[in-house]
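Below are structures written as structure tokens.
Below, chain A partners chain B and then partners chain C, in two separate complexes.
Coming up: the complex of A and B.
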């Protein structure tokens, strides 16, 4: 069944099809429709889940942590300041190895008070131990919500998927809603290895002394390093059953490219149109979409960019005092490539606080990347009027 | 690709209208993308929404700067805002008004103009209050008739899918609007007008 729906409802449909058992969430623009739709589904019985109302995002994450620890499938969604308010609990969810899935509707951080999109909310959760997957279309949002549970539960790591505020959250487009029976076959009921159970008591979250803490982090790191291969296998299953897949990294018209645009989120989609036009004009320009930001797909990135002369990274985010965050991660990943095979990397900062990224903006990025032999600075700001 | 921009005021159902059109066009087998101008809506303030339609999957994800068509839900916006900003020459404008298209010579100079009294139709069918009629289904019917892109069947099915209340009244309003549309072709500008523009 194909339906025209906004990204926020694609999130809700994904959670419903994944048969989540506990939801706890607090509304915030532009995520509110996720909460509204899920509570509507819970109220009318189409989603037989427990919806726990809370007074804050910190409590929402605490509630899904408790729920997930009992072995059920738990879900939440937030955005911007709401996500920041969850920060402490995000670390807890990951450290406790709970396979929670959440959707973050990417929205800028105030001040200046701003409800529009950029990635600073989710990227500032980089070191919490959550897998991060950046989506490009509403279809990808729905599919990824379901796949995220399979990934999370296979390795006991929490997964955050993100969608750009308004550009996906409030944009209506056709979305194939997969058949529930097929989804059930793809994602059976969660079987937790350890759970809070009154009949078989265990202690959780106890004091861990220096003799064991590092081993817990080591095991967490080991699990996260298995994510790329696990996601790949899950995506292949999804493709076999539903005919679609996305990849941690996607190269688009990248063969023989002299210049690759590196994108994430909805900018990818507009950039595809620009690449199509440039290719039609005979120019060797392609695109690399980074869907998975954590764990960072270092090996895949090295392979995709090895020997490409120039790469232009489009960052809708800023690490103040440094530069665009995807560009930073890419520089780090590419450092070990031998001289001559390492691309000249141009890091662009653009589209902050929802400033529109039109084809003209991307054309500007291409021209700037072609113009200089080397970037003049690590953070090249596009369209800013100082 | 066809790009539309809708202008209305908060409370008129402008964003729902763009979604209704998207669903109806989707039911006709098109690829669609509809979205509001991203902002904070307030009752009575100008609201803008966008719609892209194509036979191929849509790639652009940015606001529409140069629309092919405009739909104006509140005619007072024509003088209050720069409504034709970016409109492609020879484009189309559909206006909710009692007036005839010929009464908009400044718009006819650069676009084809159609008019429909969607407000009157909405009021007659009891959609919204008299002070704040909900005109989106009447606009859908008018657009279907004006462009020939949407069959009656898809129009009715879109209303059934998207409008939660007064389904019969909404279908009746859309159907009445189909027959109430008036159209005038672009007359272009005289050389003198071009020089002055």
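Coming up: the complex of A and C.
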């Protein structure tokens, strides 16, 4: 069944098809329609779940933690300051190894107040232990919401998928809604490996002394390192059943490229169009879309960029005092490539607080990347009027 | 007078084991033991950061023989809401969800999430065991610390300057099915209240006065006696309120003077005679307010 829907409704449909059992959320622009749609679905019985309408995002994450620890499939969604307010509990969810899935509608952080998109909200949650998947289209949002549960429950790690505020959240696209029976076959009811159970009482999250704490973090790290292979297998299943897949990393017209644009989120679609035009003109320009930010797909990134002369990273985010966050992660991943195979990496900071990244902006990025031998600084800001 | 043994009131189902890590004289494990004896093994405990994080024992041990979910400071009622929802989705409507929180986690950092859960009338039993300061971190004042008390952040030269927050009043104002005060020093009263709460549905709030010898600066064997004094001198009256309107004192209160209670605790040792008089006057005012409130509610409900 094909439906025209905004990204926020794609999130809600994904959660519904995944048969989530407990939802807890708090409204924030531009995530609100997720909450509204899920409330409707719970009210009309199409989604037989309990929706806990809490008084804050901190409590929203706490409530889904309680639900997930009791063995059910739990879901939430937030954005921007809401996600930051959850921060403590994001750590708790991951440390407790709870397979919660959440959607973050990427929105800038204040002050000044800004409701438009950038990635600083989710990227500032980098070290909480959550898998992070950046989506490009509403179809990808819906599909990823369902796949995220499979991934989360297979390794007991929480998964966050993100979609750009307004560019996806409030933009309607045709979306193929998968058949519920097929989704049920793909994603059966959750079987929790451990849960709060009066017939088998255990204490969860008690004081852990230095002789055991590190082992807990080690096991968490081991699980996260299994994510790339697990996601790959899950995506292959999804492709077999539904005919679509995305990959942790997608190389687009990248063969023989002299210059690769590296993108995440909706700017990828704009960049595809620019790449198509440049290829049509005979230029060797391609694209690398990074969907999975955590765990960082280091091996895949190295392989994709090995021997490419130049890479231009488009960062809709900034680590103040450092640079664009994807660029910094890529530099770290590429460090071990031998000289001569390591691309010259140009890190561009652009599109903050919802500023448009038009084809003309990407053309400018390409020209700057070609112009000099080396970047003049690690963070090349595009379109700033100081 | 014949001695009443706690286990004559209610069978000990041994859901709290020996070997827990409470300080000598701490009343909190006794409160937990009585609560779990009344609730039984079909209970899940949600426990945000508090002294009981330590008392319950470090991994891989647990002094509680029911499932426990330890969680971050502000989140007891929110996590418990999620546990409740998940139990209900699995058809386990009879399982009790007990949220066990200190005064800091209730009066201060967890107040927002408690108010949210109370307003939603979440089906859980919330026990605030109140030792009147942040005892686990070493006796810092909370908004449950009484006026005039010494703590490490309200030194004797400048003791606690605010009156204790009226937590029961705040919970009653939410119109929840059941709100009560209690103390392990009156075990029969405590067991009766937990048993009554267990039979009800929705948010049930019990404010437990829990003496802390290291924090109150009293002897290890004095805590329960001090708690009985706090009841009888009306510092901490024993009452219950159903649905925000039906108020009832659950025992006689002698109205003893407060001074002996204060003088036996090092945290009040610095108080001048004038300050003790002030405290007595405040107790009298609050008692009169309570009597008027009960009278008004009784008249309104006729």
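By definition in this document, the second predicted complex is superposed on the first by the 386 of 386 C-alpha atoms of A that agree within 3 Å, B and C clash if a C-alpha of one lies under 4 Å from a C-alpha of the other, contacts with A are read in each partner's own complex, and residues count from 1 in each chain.
The rule we apply is simple: contacts are C-beta pairs under 8 Å (C-beta built on N, C-alpha and C of every residue); 3 or more make two chains touch, one makes a residue touch a chain.
Nothing here was measured: the structure is a model prediction, and the numbers come from that model.
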item: First, second, both or neither for A:115, with chain B first and chain C second; value: first
item: Which of chain B and chain C A:205 touches, first, second, both or neither; value: second
item: Partner chain in contact with A:66 - chain B first, chain C second, else both or neither; value: second
item: Between chain B and chain C, more extensive residue contact with chain A; value: C
item: List of chain A residues in touch with chain C within their complex; value: 21-22, 24, 49-50, 52-56, 58-60, 62-72, 74, 88-89, 92, 196-198, 201-209, 212
item: Partner chain A, residues of chain C touching it in the complex; value: 41-44, 46, 53-54, 56-59, 61-62, 64-72, 74-75, 77-90, 92, 95, 112-113, 115-116, 119-120
item: Contacting residues of chain B [partner chain A, same complex]; value: 18-19, 22-23, 26, 31-36, 38, 40, 58-63, 65
item: Touching residues on chain A, where the partner in the complex is chain B; value: 2, 4, 115-116, 165-167, 170-174, 266-267, 269-270, 272-273, 276, 354, 356-359
